[in-house]
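The structure under discussion is supplied below as structure tokens; questions concerning it will follow.
Labels A, B, C and D are assigned to the chains in the order they are written; within every chain, residues are numbered from 1.
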Amino acid sequence: MTPLVQGVVRVLFLPSLVVATAFCVKGSTGTGDGFSAGLVAAIASSLVLLAFGLREARRILPLRHASAAAGIGLLVVVGSAVVPAALDGIPLEHFPRVEAEVVQLGALAVNSSLLFDAGIAAVVAGGVVFILERAATVRGREG
Amino acid sequence: MNLALALCVAVLFGAGIRLMLDRDLVRIAAGTILVSNAANLFLMSAGTGGPAVGQGQPTSSDPLVQALVLTSLVITFGFTSLLFSILHAIFRAWGTLDSREIDRPG
Amino acid sequence: MIFVPFAIGWIASLVLLALDGTKRWVSWLALAAILGMFAAAVALLVQVADGLEPSLISGGWPGGIGIRLRADWLGVGFAVPVLGIIAAILFIENLRGGLRARIGPALMVLVSLGLTGVFLTADAFNFYVFFELSMGSAFAITALGTRGKHVRVAATFMVTNLLGSVLFLIAVGGLYHATGSLDMPVVAERLGVDPVGPPLVVASLLLAAFLLKLGIFPFHFWVPPVYSETRAPAAALLAGVLANIGSYGLLRFGGEVMPDALQAGRGLLLVIGAATILIGSLLAISRQPVAEILAYSSIAQNGYILVALGIGGRAGFAAAYVYAMVNSIGKALLFTTAGTRGPLLGGAFLVGAMSTAGLPPALGFIGKLALFRAAWEGAEPWLVAWIVGGALLAFLYMFQAFQQRFWMARDEEHSVPAARVAIALFAMVALALGVWPEPLLGTGAQIASLLVGGPR
Amino acid sequence: MGSPLPVLAPLAVAFVSPLLTWTVGRSGPRAAHRTAVACALLTFALLLWGYLVGGGEWALPWVPAWGLEARFALDGLATLYGLVAAGIGAVVILYSGRYIEDHLRGKGRLREARRFHALLLLFLAAMLGLATAQDLLLLFLFFDLTALVSYLLIAFDHEEEDARSAGLTALLVTAGSGVLLLAAVAWAWLDSGTLRIADIAVLPAGVAVLVAIPAAAKSAQVPLHFWLPRAMIAPTPVSAFLHSAAMVAAGVFLISRLHPILPAEVLVALVPLGFVSILVGGLIAFSADPFKRILAGSTIAQYGYVMVLLGLGDVAGASFFVAAHALAKSALFLTAGTVTEATGERSLSAVGGLARELPVLAAASLVAAAGLAGVPLTLGFFKDEVFFTALAERGALLVALGVASTITTLAYAARFWAGIFLGPRRRPAARAPVTLVFPVVLLALLLLAGGWDAIGLRAIAGKAGAGGPLALAYHLDLRLQNLLALATFLGGAILFVALRWLQPALGRLVSATGRIGPGAIFDLLVATVGRAARVLHGVDVRLLRPRLAHTLIPMAALVALAFFNQWHAAFDAGKILRADIPVFVGLAVAAGGAIATISTASDTAMVMTLTVVGFTLAALFALLRAPDVALVAALVETTFTILLLAFVMPLPSRSERAAPTRSPWLVGTSSVLAAGFAFVVTWEMLSRPAVQSVATRYTELARGEGVVGKILADYRGLDTVGETTVLALSLASVATLMRPRRKRGRR
């Protein structure tokens, strides 16, 4: 890949992560939710993978932890279903309840569905990157 | 409007099936993608038929249908990548993806 | 209380995904999880038997907003036996050296989770999501389970069933558009009062999707290669367990959600069912390898479920449920036995063959008795003759398979004795359910009165 | 009807003994044999005690959901059939100890001796269950169980092809017709609301016919008799026990048990059936050469007598006849077995004049043959007397037929005995071991004792017919029965002498009817079913299997069927607003892209067109005012293109991969059909009037912003959790499948 493209990709990488978190956070007010966040992150990292090749990409991105990220994401998602069920018998109950007062952090209403979206984003991003990294290694080896 | 939507869903579905009837497994997999796209468009059109929903904001179509389509999109994404990895395994085992050779009558 | 099996399933699959499935203890951990879900399902059954209907709305939202899970006779009637069969299949597979794939155990738990979801959810789209969860794990198990050349059947299996899922998705979309709600009882009630009449087109889509799942005659072509070329546990899972999504779907969507559409399609169901019995049996007779005979036999036997549904009414629905369970237990036993070697298996296979042919005391004859009762009640003498003919053909191919597998072939290397004893125990259960058929018939009667809505 | 113990004890012992014999047998065939004999004798003794104590009844709730109750009772009928089964069973098992060891030692399968004894005992238990059952469903259960155990016993030497095919034929005829019995049970239950025989007034005629067919099949009556001669390939003890005393008795037992509730017109039909079977059985007995086939023909004939007696309504007489015949026939079968053991020969033409070498066996089997033929001073005389008294009041024709039948019986009994023990000696006979002779002597003594005062059978048979003991005695006067008996002896002697000339003609006649008889029809039927199946499979593989199209055609047919049923549904094309123009453009582009995908040359081109379709759809979703979906659709499409390229790149270019598609016209029509199918479904759905949807409640609850995000994350969170799990499992499986090639796990 020509250095120009590599430069652009490197420049673009961090802002795309910001956009991803924006989607994730804005879920409950505007468009965007966990999936779009995860996909944006996945596309960004795949761009790095394509632009810099496998070895270089492993240096820039923590590719080794991709499957771990997916695992943690899934843990959060499943947790947000199971933990409220264990506590008071109703799965997927988010805190604070709708009628309860909402903790405002600036314009952001902080509640547990943010965590839920973040978990989904982690699963999507981690999973896709893991496959791409695995596909790259297989293609690398079998030529 | 209904007629246009129905026509487009029909063409997408027909093309998808045409691909799925092919002998080459990659085209069959592509056919499944088209068929799923047709289903998603069908679901989406189910939402638009209803009365325009939502005040203030630009009237958006039925939010529940949007949620359904989103879920179906993600599931299709998961399954299609699984299907392609199976094709990859078949290619490694058989060296070909032409279903005529592979589908020796069992 | 109703969320307990889900919680166990999710946590266990999460843990198992992280572990290396090829190790033996991981497979045993998966078995423990499935047994936990089975116990939770039995607890739900006890609650339903006491007359109360446990239900719960996810997220604590008011009705219609959140997704409603509920356990009624139909849901629990399917969940308990199916989870039991999965546990039995995995138990026998563990004794034989466990699943080969790294994420095998996790997939087995995910199949159980998916099926529990399918049986216990009252929301049509949620049904689709759990339907996809169990199908996805089945695709993965087949893909990972088959060796070398056989991996091609995973493609055939996946492509056909993806088409089936698309049909079901379109049907759910249609149902939502026609009634404005996804909650099954609400959909049923609004469809009942619908001026335009039942959406027959949506009903035909549902029928096609579930017939494809059951492998019934016009949609049966994917069943023989897939059932006969996957390894024993995967084939037992597909034939014995996943076919139930088809029968449950027909009972739930046909019996509860769209009863008048089912009534309109009665004749069609009878014809398709009868054709499946004849063609499935003939194809089974024509084949030599035992795995293929069993594959075609499961097509033929599922035809009886269609016939029972075609008769409909209280006796028809009861017969459909009893036959669904008879097929699941029978096929799971047969496929597992066909996959193992050694003494004691002849007896187990014989019990399975007896059940398929309808020979007492194995549990098959209970299904036939319920079917005969429904047929006589529905005043369909031609159907009685057809079922008798089907039974004769079943005698022919099942005992030909028995003789060919156990009397002609000599088994050189024997499987692990513990596995063979486990299979013998599984056969004992099939015998016990035949000698004391109360659980099946009682649940069948309850389901029939639930669907027909008559006095409990 | 007394305490449950008298019926419970024998049943319990009977059902435990096969398991007991199987486990004890582990230490050796001798141990298995001794336990088996002990168990059979114990069952016999318990039954006798139960009868003497006055019988008993035992009921337990079986299937409350259908109001069924498992009820067993030791009444007269049950005692008689139980005693016959247990008694003959004990004698046969005593005999089979030595027989089966020699039989199996030759084949190197000695360790299977315990399985043989266990199966015999299981059969005994099934017969006992059948005899004592008081409920129609229980009758069916044990009726079919006997058929299954007989299948396992007939095909005991399962390495021989014809043993297997004989077993399968027997199973198909007896258990196959058992399914008719199950249909009858279901009908009777619907008709009278209960399955308890005592509570049913009368069975409808249809049910009676459905009961008569399996009964006739199991008692080897014409036309379903052909399985019995073929089943003679089974080891001798099996023939002696099943095919003389127990298995074939189950059929007539079924009719005797249901006799009070069977309509008269069906019972009467049994009389001609019986006589035809007597004729056909006699023919087989006259023309057959192997010992056991003669006896098989004789069994068919003798059970013809029983059918006639049942047809005339004499249940007591029929039961007495079954008991007397069982003693004689099993003794003759055992004789045949011993002769085969001693000489190694199986047919009459190969033996002769063995009286001198096997004197005791000759004497005992003479008594048995006399018993079969109804010679005075043996129990057999009374069975013929019963037969004649029943026929006496029914007019001259039946009496004549009766005499003709007894003449044939005398003739083939004499043919069997004389053929073996008299005439020129063709082959030397080794000394027969005591254990193979003693059982025949025991049965012969019983027959002689029976000749004196019918060893108590008169009382038991009387009770079986729910009446007083049978009036049987020697009357030295010129009553009709005595005259008929004399006529029988005269006729029989003449026929036996005439046999020497009739023999070849009869042989040709039987082999001719054999080609068109029911047996041949059965084989033809099975063969044609097999051929039709293979043809169908050819069609299935060539046409159906490889192509998905054949799923679509029935699917389209289903939808069309539903569509035309609702023809009146209003179809409206919907209004065209100026604002919708971009939507139409988007739809057109998407459709165009889809069609373009079909004709792309290489894989990468196909992936590109797929992306075009994907992105147009994303744009469409945006135009249809669904921003969230548009966003995710676009992102999924991009990720997907990258993944697809990663998969597609390593594959060889398509040109050398794919050959031209199969018959294009079929593929063309199927896809057009599918398109039409989708068009109909979508349009029919879109034309339905808009309905008040739950979506409005979601919007109010979420106060109008970020509704879709809230639905996904909160209101319908369970869907999303499920879907994320699906995604996780798919990605995990892809990762495992994509692992570079290395030996995956140990075998």
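Going forward, contacts are C-beta pairs under 8 Å (C-beta built on N, C-alpha and C of every residue); 3 or more make two chains touch, one makes a residue touch a chain.
Keep in mind that this is a model prediction, so the values were computed, not measured.
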One chain's C-alpha mean falls closest to the whole-protein C-alpha mean, and that chain is C
Of all chains present, which has the mean Cα position farthest from that of chain D? A
Looking at B-C and A-C, which pair shares more C-beta contacts? B-C
Gap in Å, rounded to a whole number, between the CA centres of chain C and chain B: 27
Inter-centroid spacing, chain C versus chain A (mean Cα positions, whole Å): 37
What whole-Å value do you get for the distance between chain A and chain D if each is reduced to the mean of its CA atoms? 61
Rounded to a whole Å, what is the gap between the Cα centroids of chain C and chain D? 25
Residue numbers in chain C touching 2 or more other chains? 10, 17, 58-59, 125, 129, 132, 136, 139-140, 143, 159, 163, 170, 173-174, 176-177, 182, 224-225
Chain A: which residues touch two or more other chains? 33, 35, 74, 78, 81, 91-92, 94, 131
Of all residues in chain B, which are in touch with two or more distinct other chains? 20, 38, 42, 46, 49, 64-65, 70-71, 74-75, 78-79, 81-82, 85-87, 89, 99, 103, 106
Chain contact topology under the given definition, line, ring, star, complete or other? complete
For the complex, give me every residue of chain D touching chain C. 62-66, 137, 140-142, 144-145, 147-148, 151, 155, 158-159, 164, 168, 171-172, 175-176, 178-180, 182-183, 185-187, 189-190, 526, 529-530, 532-534, 536-537, 540, 544-545, 547-548, 550-551, 553-555, 558-559, 561-563, 565-566, 569, 680-681, 684-686, 688-689, 691-695, 697-698, 701, 714-719, 721-723, 725-726, 728-730, 732-733, 736-737, 744-745
Using the touch definition from the top, list the residues of chain B that touch chain C in their complex. 20, 25, 28-29, 32, 35-36, 38-39, 42-43, 46, 49, 64-65, 68, 71-72, 75, 78-79, 82-83, 85-87, 89-90, 93-94, 99, 102-103, 106
Considering the complex alone, what residue numbers of chain A touch chain D? 23, 26-36, 39-40, 42-43, 46, 50, 67, 70, 73-74, 77-78, 80-81, 91-92, 94, 98, 113, 116-117, 119-120, 123-124, 127-128, 130-132, 134-139, 141-142
Can you list the residues on chain C that touch chain A in the complex? 1, 3, 6-7, 10-11, 14, 17-18, 56-60
Chain B residues within the chain D interface of the complex: 1-24, 26-27, 30, 33-34, 37-38, 40-42, 44-67, 69-71, 73-75, 77-82, 84-89, 91-92, 96-100, 103, 105-106
